[in-house]
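Letters A, B, C and D name the chains as they come in the text, with residue numbers starting at 1 for each one.
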Amino acid sequence: MNVTLDFVLNELVIANRVLATEGVVDAYGHVSARHPGKPERFFMARMLAPELVERGDLMEFGFDGQAISDSRAPSVERFIHGAIYEARPEVQGVVHAHAEDVLPFGITDAQLRPVIHSGSFIGRNVPVWDIAENFGDTDLLVRDMSQGRDLARCLGNNNVVLMRGHGFAAVARSLIEVVRISVYLPRNARVQLAAMQIGKYKPLSDGEIAARAAGYKPYSVQTWRVWEYWAHRAGCGHMLGERPTTDAPGTM
Amino acid sequence: MNVTLDFVLNELVIANRVLATEGVVDAYGHVSARHPGKPERFFMARMLAPELVERGDLMEFGFDGQAISDSRAPSVERFIHGAIYEARPEVQGVVHAHAEDVLPFGITDAQLRPVIHSGSFIGRNVPVWDIAENFGDTDLLVRDMSQGRDLARCLGNNNVVLMRGHGFAAVARSLIEVVRISVYLPRNARVQLAAMQIGKYKPLSDGEIAARAAGYKPYSVQTWRVWEYWAHRAGCGHMLGERPTTDAPGTM
Amino acid sequence: MNVTLDFVLNELVIANRVLATEGVVDAYGHVSARHPGKPERFFMARMLAPELVERGDLMEFGFDGQAISDSRAPSVERFIHGAIYEARPEVQGVVHAHAEDVLPFGITDAQLRPVIHSGSFIGRNVPVWDIAENFGDTDLLVRDMSQGRDLARCLGNNNVVLMRGHGFAAVARSLIEVVRISVYLPRNARVQLAAMQIGKYKPLSDGEIAARAAGYKPYSVQTWRVWEYWAHRAGCGHMLGERPTTDAPGTM
Amino acid sequence: MNVTLDFVLNELVIANRVLATEGVVDAYGHVSARHPGKPERFFMARMLAPELVERGDLMEFGFDGQAISDSRAPSVERFIHGAIYEARPEVQGVVHAHAEDVLPFGITDAQLRPVIHSGSFIGRNVPVWDIAENFGDTDLLVRDMSQGRDLARCLGNNNVVLMRGHGFAAVARSLIEVVRISVYLPRNARVQLAAMQIGKYKPLSDGEIAARAAGYKPYSVQTWRVWEYWAHRAGCGHMLGERPTTDAPGTM
């Protein structure tokens, strides 16, 4: 089965609810998915708390953050998503959130590192983007494409970029993967913070990070297990479709 | 639409419940709103846990904390609210609470600073009021107008004042804004506390704090988004009225 | 109204559920009340998790921990309660629990102090009892009257005693008061622990602790407010009787 | 009553749900039980989040991790369980989980010690297994019997082994006991971590650990109390059978 538009939109609703239930987003923060048929477009909810998002709340955008035939109010920071889809053709899903436990690593020199196996997908390097470097004093929101592109440059080829005093952006080759990164990122941060208080910590090795990345498949039974679980916790287990039988990222 | 008395009282009930659901208040703590038509009066619930407050539990007070034609037991510390409304004519809502994560900053020399964008509204300076300075050994409660006015003097033109060994008082130009400050204040405190354990932290710059304050509108779609979300979480989404189309603080 | 046996037994059921909902006890831990008419007796649930306790699960005990005409299995550590009621005639309620956030202060030299107004009732001195001092290597449980009396001696005239590697015992002149001490004790511990990580903390002064203790009344509207709130949270708001109009401890 | 196959399978379902409710496992992690009649076999759920496990999801395995007449997808890390049952004939239940609060002790030199009485069952020595020592860069999962046996060797005669950057494995002479160890292990870790931040901590003595282990009986009223409580919290109180009247581990 190829991943269809209908499947992606359904998963995007689930992703919104899961991120809320798992405490990654509150009223703010958002998740988007690239259009499976038109790679220069992406979907993202209108200005609405993720927990309340329904299928009809999804809007379609171009890279420039302009809505396609839709006059409803979009989220201000849609430029984060547009600029990343523009710069990273292989990325299929983007999350931006303010998850509390990640924030200390954005305002100190302490470098966030993958220290637990479930955190490996944040990758070996997690850069910190400070909007003040190129834009001076702002309200810290990513309000246009120049700011979005600056953030995307800082992200580079990594999976996660921290945003100083604000939050993070995460990317992946599938919606499930980017949700998983976003849920385990704060957990990895909490474990690292606790470890730093009791001694010198040992992060995952580069080889371990690579070994885990190599084995990942977005629709394996092992991955589906966590998606199914989170969907149930978020009260939308009934929205789950059948597990896709393909794992080729290119089909999504 | 001008903000009406009915609208304010309805929002005050929602505010009580939201503060409980979000963990800002427990059995104690309170939120008040200035009377939209009679600026020398304010509304606040009778002696009752905020989570249980209904419309009929609201009482009307003068600045001096005397109830207007109402013999029910009021909250002891209504003088916090009266003294602040007296001193700060632009303030439309006041919260007093004991939120746990704020308390460490009231009993140490560590200064609470805005370190995350959602915490910017606490302002660049958060003074600490120690009731013992002018009143010696007390039960720490603000029990009369002289204590309330002393607190209001310490608050000055800031948005938040910490109360040593007790809690905080927060003020804003609208109910939604003061609830938002009160919810994000403990989060800001937690992030700062965590950051202090792993290194030297970077607070928001004065320019950033000012840029965020400049852009704030109490009934913008962006602000309404969080209000709508919190109301749903507090089980009173059905009580939400329509979003007011005005953002002029003076109309509230 | 004098506080009747029926009132006390009803409150004891509520107290069990409240302590569970507020996270003070889990499957273990217990709360007891002195018999209002026969001061040499006390009531406590049979061997059962507090959250599941109903009126019929309450048992009557003598100071020696022997059940009065009841063959059901009691909790092992009823001797904590018996020995304290024996030593402290004014005490009307006792809680023993393992609340997690209190435990660090029982296994280190850091002294637990009241640092917040709601924690004032733990009193200016919180001794730590180490069962190993007089009883050597045990399973840490208080299994007989000699251990119970040793604990009561360490408690002395204080309101709370920590038990090394195990938990705490708290006492008060009413059930509501001992529940309140037990709920705010862990909060006070968390605030103190956090404060110790960011600087030198200032505890309440002896005068403040005394001022708060002097003003306390077990059935004031202010005290009833928290009892009503906790009962609702614990799902037994419907079990609340009318607020007693007396505040004389001796009538309970 | 001898512990029957039916009883064990029923308890295994409850154990899955309890571990989820108590936050020991999330979508990942698993619990198994040795076959009460065929000691060279064990039961464990198919590839499924523990919270969702029903009786029909249990599979039967040999020590080598091969399923007995069952073609459904098993959990990858069943080799942890097989290798431990092979090496430790007295073990009746095994838990593997990633409980967050345990993880800091697996990536630092700080040694996890029993510091609270409910944590005593983790035993005086909690070794840390680093898969990299004998297997180099892997994805950290225990994917075959040679890795499982290496882990079992590191566990030795202890009750718990930490797995660097991954989680832990716990074993016991009954399902209830291994669930109890797994729930209190993270609590013990949190208490120790907090204590390390405020001073030098005092762990349980070897004699205390031994005294507690000596008194443990898997089906005593005291043990059943926690099992009953957790089952209720997990929504499967109705699945509880009668408390077995035997406590001889050999009958299970």
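Operating definition for what follows: a residue touches a chain if its C-beta (ideal position, glycine included) is under 8 Å from a C-beta of that chain, and two chains touch if they have at least 3 such contacts.
Note that this is a predicted model, so its numbers are computed, not measured.
Peer 1: Hop distance check: chain A to chain C, minimum number of steps through touching chains?
Peer 2: Minimum number of steps from chain A to chain C: 2.
Peer 1: Along the shortest chain of touching chains, how many steps lie between chain B and chain D?
Peer 2: Each step joins two touching chains, and the minimum needed here is 2.
Peer 1: Same or different: at the chain A/chain D interface, is the fraction of residue numbers used by both copies above or below half?
Peer 2: Mostly different residues.
Peer 1: Among the chains, which one keeps its Cα centre farthest from the Cα centre of chain A?
Peer 2: With centres defined by C-alpha atoms, farthest from chain A sits C.
Peer 1: Return the distance between the CA-based centres of chain B and chain C, expressed in whole Å.
Peer 2: From the centre of chain B to the centre of chain C is 33 Å.
Peer 1: Mark out which residues of chain B touch at least two other chains, giving numbers and ranges.
Peer 2: Residue numbers touching two or more other chains: 197.
Peer 1: Mind giving me all the chain pairs that touch?
Peer 2: Between chains, contact exists in these pairs: A-B, A-D, B-C, C-D.
Peer 1: Name, in rising order, each residue of chain C that touches chain B in their complex.
Peer 2: Chain C reaches chain B through residues 115-118, 120, 187, 190-191, 194-195, 197-205, 207-208, 210-212, 214-215, 221-222, 225-226, 228-230, 232-233.
Peer 1: Quick check: in the complex, which residue numbers of chain D touch chain A?
Peer 2: It is residues 26-28, 47-49, 51-52, 73, 76, 98, 100-101, 103-105, 107-110, 132, 136-141, 164-166, 193, 196-197 of chain D that touch chain A.
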